[in-house]
Structures are given as structure tokens and as C-alpha cells.
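Quick heads-up: structures coming right below.
Common to both upcoming complexes is subunit A, partnered first by subunit B, then by subunit C.
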Partner chain A sequence: MANPGIADNQFLETELNVSAKRTETLFRILFMVMAGLLILPVLIILTTLLVKGSSIISFDFLFTSPTDGMTAGGIFPALLGTVWLVGVALIISVPVGVAAAVYLSEYAPDNWFTRAINLAIINLAGVPSIVHALFGVGAFVIFFGFGTSILAASMTLAVMTLPVVIVATRESLQAVPQAFREACWNMGATRWQTIRRVVLPNSVSGILTGVILEVSRTTGETAPIMFTGAAFFIPVLPESVFDQTMALSLHLFVVSTQVPNVPEALPYGVALVLISMVLLMNSASIALRMHLRGKKKW
Partner chain B sequence: MVSAVQEMDQLTRDQNPADPANRVKLEVRDVAIRYGSSIAISEINLEVRKNEIFGIIGPSNAGKTSFLKAINRMNDFDSGMSVEGEILFDGTDIRDVRNVYALRNRIGVVFPLPVGLPLTVYENVAFVPRLRGIGDKAELDVIVERCLTRAALWDEVKDRLNSLGSLLSGGQQQRLTIARALSQEPELLMLDEFSIAVDPVTTMRIEDVLKELKPEMSIILVTNLVQQARRLADRTAFFLDGECVEIGETDDLFSGRVKDARTTDYIEGRFG
Partner chain C sequence: MSQAPLQRTGNLPDINQRNADWYIDKIVQYLVFLSGISAIVLIVGIFVFVTVEGLGFLLEDFSFKEFFLSQWWEPTDDDEPTYGILALIAGTASVTGLAMLVAIPFSLGSAIYIAEFATGKTREFLKILIELLAAVPSVVWGFIGLSIMNPLIIDIFDVPVGLNILNAGIILGLMAAPIMTSISEDALKAVPDRYREAAEALGGTRWQVIYKTVLPAAKNGLLGGVLLGVGRGFGETMAVLMATGHAINMPGSVFDSVRALTATIAAELGETAVGSPHYQALFTIGIFLFSITFIINLTADLIVRGIRKS
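Let's look at the complex of A and B:
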């Protein structure tokens, strides 16, 4: 700073600099506002549900059956039904999805068969859920003869969510460096030994994240279950996978549109419970991912 | 598992040390390696003897790494890589080995950059013994300590066997991969430019380890440090652009008794 005058001259702002800075600020704010807008719907939905629905939430609401033609009482059968549907769907889709992803990531050669499978996954992900519902009716309810049951509904959900599991698993498998596999093969390990001892243990976090995302999506689905296993109202709780069941998502639809004289707080309360389940599972997914990332081994 | 046992027998059949053919561990005849239409290696002929360190020197792109991959039949995993010619391991053409896992098990490999598996130090070394069905903790403890000791690493890691292998320093990790290779009880140890990511002190320690291992196995030492080959190798081959320019006693190569002038040029650092 021996000669401040010269330094100032060197870095004098020109007209061009000034306008570039102004544009820079403008775009930064524009992008920030757009990103900030994302929070808005979430906030509005949550506050509306909380304001209008929280008054009805109680232990009895969660753990008793609906009464008075579903205009009063609780939602226990629907809550339990959703747990059944999601649980059975998971039992079906996770093993199939993980196995398929392991094949695609670890074994599949690059040929027409592999490309066909990948294409099928993309298309499966793009099929609208109501079409899945009709497929479920045709395949599981009628062809396999499961009738309208938890099994048929869960299998429909499983087929619909398979792409999520497969893609999440495949990506987390491929995140494991190839050098680990080659080191194992060089020592005489088979592909499966390598997968079981090195690849899978190091991709568990990604797979679990995919599974939880699947759970939260399955929880809210309505169309695929309404023709295949979920019912408006059933006086008894399901006892096996061959029973029909109530479900939260369908129950929300029913109390919102199909039943007269429902107190205003009831559908909001159902929606609040549903969204809480989803948010809870998403948070669990994030927490798990953070926990496991901390233990990353390379 | 009958076939596996038979092949094991074939690989370790009774060997008469008086028979000169039995002094050869690995014989390579007219081997060419191609990736699609580009040739990585052409017409290599050489033999690696028992209890010798066989050095392979040469600039990058000479086909040294491809050559090691072919010996281990790693080309099975790489559909773009094709290998022609015969590679005989203990007299058996490796292409005829049906139980390729047993073959790879007998060959230890150390890579340029240490690949510590994402496991603890202990589990890295116990990996192969576990694959072999050894589940007894005491037995594994003995193996792990022995292999780490022979790789000159035991003293540094004996108190942290249960920490991750990837937390060790680069030089320690490279010794860990050597310990892991030793847990295979290999008959042939192949090192591919092991000192690239290793400090000079550790390099010297590993070189001492290799000298100690020589009486028990054959060692192929691929190196881009010609002086390393000079220090360690009994015989040395010079690879250049996929061609084996020269094979000879290391002393001959380094004292100018060469058949091809390019060898001396490379050794004396005029190119490469």
C-alpha cells in the first residue's frame, strides 16, 4: 500500500463491471426465491393440517374403530391396514428388487437382455398407479385367485415400487469402488463371495434409504389398493393376508368425499396422521443415511 | 467339488527337484494380449523359476499390467481383453483350469495403489482364510499375526487390528495388502509397481520383505524403477510397447551385456 493511488486506478470499476454485478445480484436473488418457493407448499399443507386436524388427534382417535357411519370414532383399522399393506409389500419387493439390482450391477453382461431389463425398469416406473391397479386386479385378484385381499393389494404395491428399490440399490452398489471387487477376485474370491463380504456391507446405507423411500411412497398410495384389497369399511381387523382391510389413504378419500355429515376435523386428522407417518419415515431415512455415511469406510 | 480337488492335485503334483522342468513355476509361450483391435502385448516368451525374483521393467504402456492380469485369468472379467498363447502354471495351461478360483488363490497380487478392503486391519488379512473355511478365532489370530509380521507391519498395527485398514498410512496400507496376499500362502507373488504410492523408507522395508520371501515362492516384480529391479531381481525382462525386448540375468543387463541397445538406453535413462 505504498502507493494507494495507483492501486485504486488499477481496480477502478468500469460501467461493464457495475452492470455485471447488478445482473449477478438479480439472478442470485431470482434463483434463491425459486428455491425458497419450494418450502411454501410444505409449510401451507402442514400448517393447514395442524390447525384444522390436530384437535381431533388423541389416543382414542388412533386406537379405536370408526363409529356412527364413519362420522365419529377413530381410525385404528385403517392405520393397522396401512401397516399390513406396506409391510407385506416390503417383504415382497425388497428381496426381489435387491436381487435384481445385484444381478444388474454385478453380473449382467452388456447385451440385449440387460438392456431390455433396464428398459422395463424405466417403463415400470412410468406406469400410472391406476394402471397398476387394473393390472393388480387382473393378475393377482383374478388370475392368481387371491381375491381382493391384503396379498393382492401388497403385490400390486410391490410391483409398482420395484423400480425405486432396484434403482436405489443399483446406484449404491455401483458407488462401491471397482478396485475392491478386483482385489477380491484376484485373491480367488467368487463374485458372490465378493458381493456378500465387501460390496453389500458397504452399500447397505443406500439400499436402506431406497427402501424407506419406498415405504413412504407406498404408505400414501390409494389407487393401486382400492380395487385390489382395501375396503371402505370393515367391522373387523384383518387376521391374515387373505383378508380385506381398511387403509389410511383410502379412508381419507372416503371420509372426504363419500360420507355425508363428517365433522370437518376428521379428514384433516386422517391426513395429518398419514403425512406424519410419511415424514417420520423420511426423517428416519435421512438420519440413517447420515449415520451410515459417518461410518463410510473409504 | 471333485473337479476342484483334482485340479488342486494337478497343480501340486509331486515335484522332483532334480528335474529341470520342475524348477519352472510359470512358463509363457507366444502370449499376445489384445483389447479389441489394439495390441497390448505381442509374442511374449518367458519363464519364471521357483524361488526367484523376476523383474519386469519398462515405461508405461509397455503392457506390463495386462501381462499380470493374463496370468491371473483376470481377463475372464474383462470381455474386451483377449489373450492368446499358452501360460503354464506348474506345467498346467491356465486356460484348462476349470476351478479358476483355486488358481487365483495360489497367486498373490499387489497393486500400484494399495487397495485396503473396507474392512478392519484384522479382517483384511483374515479375508482369504475365512473364504477357505477357517472360522476358528485362535487359528485366524495366528495367521493374521504371522502374515502381518512377515509383511513388516505387525509392530505398527498390533494395537489397532480392529481399526479400518483405510485409516493406515499409504505405506502401511501397501504392507497390509502384502500381508493379505501372504495370507493366501501364494506360490507366486506378483507386485505391480508397488512403490508408486509408498515413501522411500517403506519401499526399502518392503524390498527386504521380498528378499525374505524369495526362498518360499516365485515373485514377479513389475517396476518402473530400474534400480529396484537391479537391487532385487535375479533375472529381468525389459518390456517396451507390448514387446519383450530382452530377458537376461539382471547383472548382465545392468553391466551392458545386452542383445538390444534399447535396453541399455532405457536402463541408463536415455528414454522412458
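Let's look at the complex of A and C:
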């Protein structure tokens, strides 16, 4: 050997190295399997829904009313009801949520009061959905006198999903570089002009991501609307926000637990439609987010 | 070089002038402030409205001993209605407990794999999949418990009823796992890379780095994630209503049907007359649920923020 100071086996692995490597591989595989096991059952479930539910889905299923005590026919009133509920909830929660995020991102000083607001947002997101339902009954149905109506149900949904909008919007507002705002202020713009012309236009797609996510969340919620405005079965379609309505999520609960002699494919079909809507909107939100990340200029 | 003093030319507006823009700015400032405090108003509002509706019961029929220590929930008994939620608490706790046994190892393992082992496309793919899992609505999970898990449990364990703690626990575990995975992954991501580099420079393998350095550093964030999962489990309604069997029982084994606090409200509120003791008792359960989840969320937030500061 040319280098007498270095032993032959200097760069060979010791037994300790080998066993450490083996442990690492072991854990890598263990965790990979765990991640796989987390995802696998859900894929199986989705496949089952698809296999058992797709046979019933047709144009008629989507666009006719339930018949024969909800054991036959379609889901149109429930589908339309969900669109009503989600739409009205959005009209209420998006302006309030975006404004709240603007306050938190653009105006709020860093003090105990702002921390209290943030804490309230976190807690609002963690309130059980059935407690939101109780709140909806106490506040909107009884106190404000909306009765069991789309308005009361949508307001309950809006309260429930408000944190989603606030958090997503605040994040995309804070992603706008401070230099943009400073440049605008230096032109003599007021704070609101800066927000209106610079901050909001630069974060509108990020806000949209949050809104789509909210739509998806709202679509699937059942407990908050059960007592505030959604009904098991209503023969007529809703005409105003003061009517009651059917809803897709509640309809799934009803046909799978409350109605006797339902053909097996029917609840699978309802579940498939519901989960497809939710997952499609979520995927859209994710796709939009990734697209934005790809083309960000700063 | 001397500079000529700036000269005002033309009719520049006085900068102190309160024009329309100034007033609009002020109005908007108040409007966004009002929206900004909406979360606080709503949290207080929820507590107030739920309490007000339950107040009659709290003042008259409520007895602390009966409410928390009796296992007899018989609000519709004509002679002597009893309002004991012990069995309901036991139901919620047993289902949540089993759910955590399922969710904690899997979500921690997945989070470690995603944050520390997986790279590039695999990581992105897994993250998206986990996010989609978190989006599955709870009523769909309940339906899965009812129509897929139920016959499966009857077949495998040879028990008469498949709607029980085991069913609801697994369902709830699968529901909570994606959220816990993303929170745990955030916690692991928050550990600075220099910790890992230092440990690697000492010759540690990837696993040694994770085990000895990353996990201890992320400890609080991981604990916060688990707590949020527990909070979710306590508050979950539809899935628990559909998969537990909804029978009042002090649970003895995982094959017993139980009934949860949330599910009781969901199942009975529609059948009670507004203002009746039964109706008010359900709102009292609501106050209890709200308080429990509030404390859990608050603790989780304090723990998570504790590490951010240090």
C-alpha cells in the first residue's frame, strides 16, 4: 500500500454501520407500508362505491325526483338543494371571510387581540359539526326567526366553513411581497387602494383555491343542516331561501338508514355522486394551487 | 453638489386634505375590522346561543351527579325521565380511543415517510392523496361503515352485529389519520435542516437522524396533531351515528354497540319539542361537547405554538 497510514479496511463498513443501515432500511420499508396501508383501504372503498354504484347512475337518476317512498327514481331535488345550500352559504361566507383575512393580513397589529382572533378561528374550525347545528337552531331558526329554511341552514354552513376561507385567503394575501405594497403606498395610494389594486389582484387565484375547498367541504356536511333547513323528503323544489330543501348528503343518510326496502344500488349511487362532486372540487383546488406555484413571478 | 429646493408646480392637492378616498379608506378599515372579529363573535355566539337554549334544563332538572354519573339516558320515560350521559361519554371515549390506536401509528409513520424518506414526485403524489382522503365527507364514511365494514366484521369475527366500537373506531381512525398526517408532517418540516445536517455529519444514518434528532425536536408539534385528532374524534357525528349501532351500552368489548354524545343529539333533536326538558338536555350535551373540544383545541394550539416560539 502506498499510504502506510491508512489501513486496508479504512473505508469498509464496520458491523455497526451495516446494522445501522439495515435498521434504516427496515424503518423506511415499515413507514412506506404504513403510508400505503393508510391509502389502500380508501382506494378499495372508492372502487367498491364505483363498482356497486355506477350501474344506477344515469341521466334519469340525476335529473328526476325520488319515487315510491324514495326506493326508486332519481336524486334531482337533493342535488338541486345542495346547490342552493352551498350557493347561499358562499354568498354569506366568502365576503366576510375575505374581509376578515384582509384585516388579519393587512391591518391587524401584532398584539394579544389579534392572537385572540387567531385562536378563535382555530377553535371555530374545531367546534363539532353537531354543535354548529345546535347553534344554527338556537340562533338562526329560533332567535332570528328564519325557521327551518335554506337561509338558516346556509348560514350555519357559512359559520362552519368560515375558517377555511379566512385561513386560505390570509395565506395567499401574505404571499404577496411587502415591496408591492410599499411601492403602491409610495405612489400616494391609500391603504384600501393598495389592497384593492395591488394585493387582492395578486392573490385572487389563491383565494379561489380556498373557496373551491370550502365548496367541497360544504357539499359533504350533513349534521349542521339536518335541523336547520334540510328535510328528508320534499315533493317540490325550493323556490326561495325561505323554503326547506332536500340535500344530497342528508339524502345519503336517509336512504341508507331511514327508508326500508331500498334497492342496494341506490345508496351506493348517491354516495358515488356525492363523493365524486367532493373529490372533483378538491382535485380542482389542488390543481389550481400547483399551477399557481408553477407560474409564480416572485 | 447643491440641490435646488423642490418647487411645487401646478395645483398639487394638499396631502392633508380629506377627500373621498380618505373616507373610503376609513370606512373599509372599519368594515374589515368588523369581519376580522367575526370569528370571536361567532365563538362567543355559539357558546351563548347553545347555553341559552339549554338553560332551562340546567336550572331545573339538571343534577351534576345524575348527568355525569348515571348511565341511564331515558329522556322519554313518562314517569321519571333520567338524563345520565355516562354511557354516552363511554361510547364516545371508547370509539375515539380505538380510532387513535389506529390513527396515531399510521399517521406518524406516513408523516415520517412523506417528510423524511420520500422525495420529489412520490412525496407530491402521497401528499395529494392524503389531502383527498381528508376530504371524504363524514356521511360517506358512515355509509361505508354501514354497508361495507358491517358485513365484513360479521364475516371475519363471527359476531351477530357488525355495527360496534370496532367498526366506528376503524372508520374514525381512517377519517382522522389524513389530518393527523398533514399536521405531523408540518411539525417534522418545521425542524430546521441544520439539525439533520449536524446529525448526519456525525455519521448517523437517516433513521438515526430521525429517531435521535428530528422526532425529539418535533415532539410538541406531533403531540398537538394527536390532540387535534382526538378533538375531531369527539366531535365527529354522522359517521359515528351510522357505524356504532347507536345502542346505549357501557362498552365491555370492541364488539359491543355503543352510542356517542354527538350521535344522540343528531338522532333525537328532530323528535323533541322546542323548549321541552329533553330538547334542553340535548343542548346541555352540546355545551359539554363544545367545552371539551374547546379545551382540547386550545391545549393543542398552546403546545404547537410553544415550539414555534422557542
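The criterion applied here is as follows: the second predicted complex is superposed on the first by the 285 of 298 C-alpha atoms of A that agree within 3 Å, B and C clash if a C-alpha of one lies under 4 Å from a C-alpha of the other, contacts with A are read in each partner's own complex, and residues count from 1 in each chain.
We adopt the following convention: a contact is a pair of C-beta atoms (placed from the backbone, for glycine too) under 8 Å apart; a residue touches a chain by one contact, two chains touch by 3 or more.
The model shown is predicted, which means the values in this text are computed figures rather than measured ones.
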(request) Look at A:L288 in the shared chain and tell me whether it touches subunit B only, subunit C only, both, or neither; answer first, second, both or neither. (result) neither
(request) Answer with first, second, both or neither: which of subunit B and subunit C does A:T190 touch in the superposed model? (result) both
(request) Have a look at where A:V83 lands relative to subunit B and subunit C in the superposition and call it first, second, both or neither. (result) neither
(request) On the superposed three-chain arrangement, identify whether subunit B or subunit C touches more subunit A residues. (result) C
(request) Classify the contacts of A:I234 with the two partner chains as first (subunit B alone), second (subunit C alone), both, or neither. (result) neither
(message) With both complexes superposed on chain A, which partner does A:V198 reach: first (subunit B), second (subunit C), both or neither?
(response) first
(request) Scan A:L50 for contacts with subunit B and subunit C and give back first, second, both or neither. (result) neither
(request) Using the superposition on chain A described above, determine whether A:E182 touches subunit B (first), subunit C (second), both, or neither. (result) first
(message) Under the stated touch criterion, which partner chain does A:P109 make contact with: subunit B (first), subunit C (second), both, or neither?
(response) first
(message) Quick check on the output: what are the common subunit A residues between the subunit B footprint and the subunit C footprint?
(response) 188, 190, 193
(message) Quick check on the complex: what are the subunit A residues that touch subunit C?
(response) 20-21, 23-24, 27-28, 30-32, 34-35, 37-39, 41-42, 45, 48, 95-97, 99-100, 102-104, 106-108, 116-117, 119-124, 126-135, 137-139, 142-143, 159, 162-163, 166, 188, 190-193, 195, 216-217, 219-223, 226-227, 249-250, 252-253, 256-257, 267-268, 271, 274-275, 278-279, 282-283, 286
(message) So in the complex, the part of subunit C that touches subunit A is made up of which residues?
(response) 15, 21-22, 24-25, 28-29, 31-40, 42-43, 45-46, 49-50, 52-53, 105-107, 109-110, 112-114, 117-118, 126, 128-133, 135-140, 142-144, 146-148, 174, 177-178, 181, 204-208, 210, 228, 231-232, 234-238, 242, 262, 265-266, 269-270, 274, 282-283, 286, 289-290, 293-294, 296-298, 301
(message) For the complex, give me every residue of subunit B touching subunit A.
(response) 72, 74, 77, 79, 101-109, 111, 113, 115, 117-119, 127-128, 130-131, 164, 166, 177, 180-181, 184
(message) Going by the contact rule set out above, which residues of subunit A touch subunit B in the complex?
(response) 109, 179-180, 182-190, 193, 197-198, 201-202, 297-298
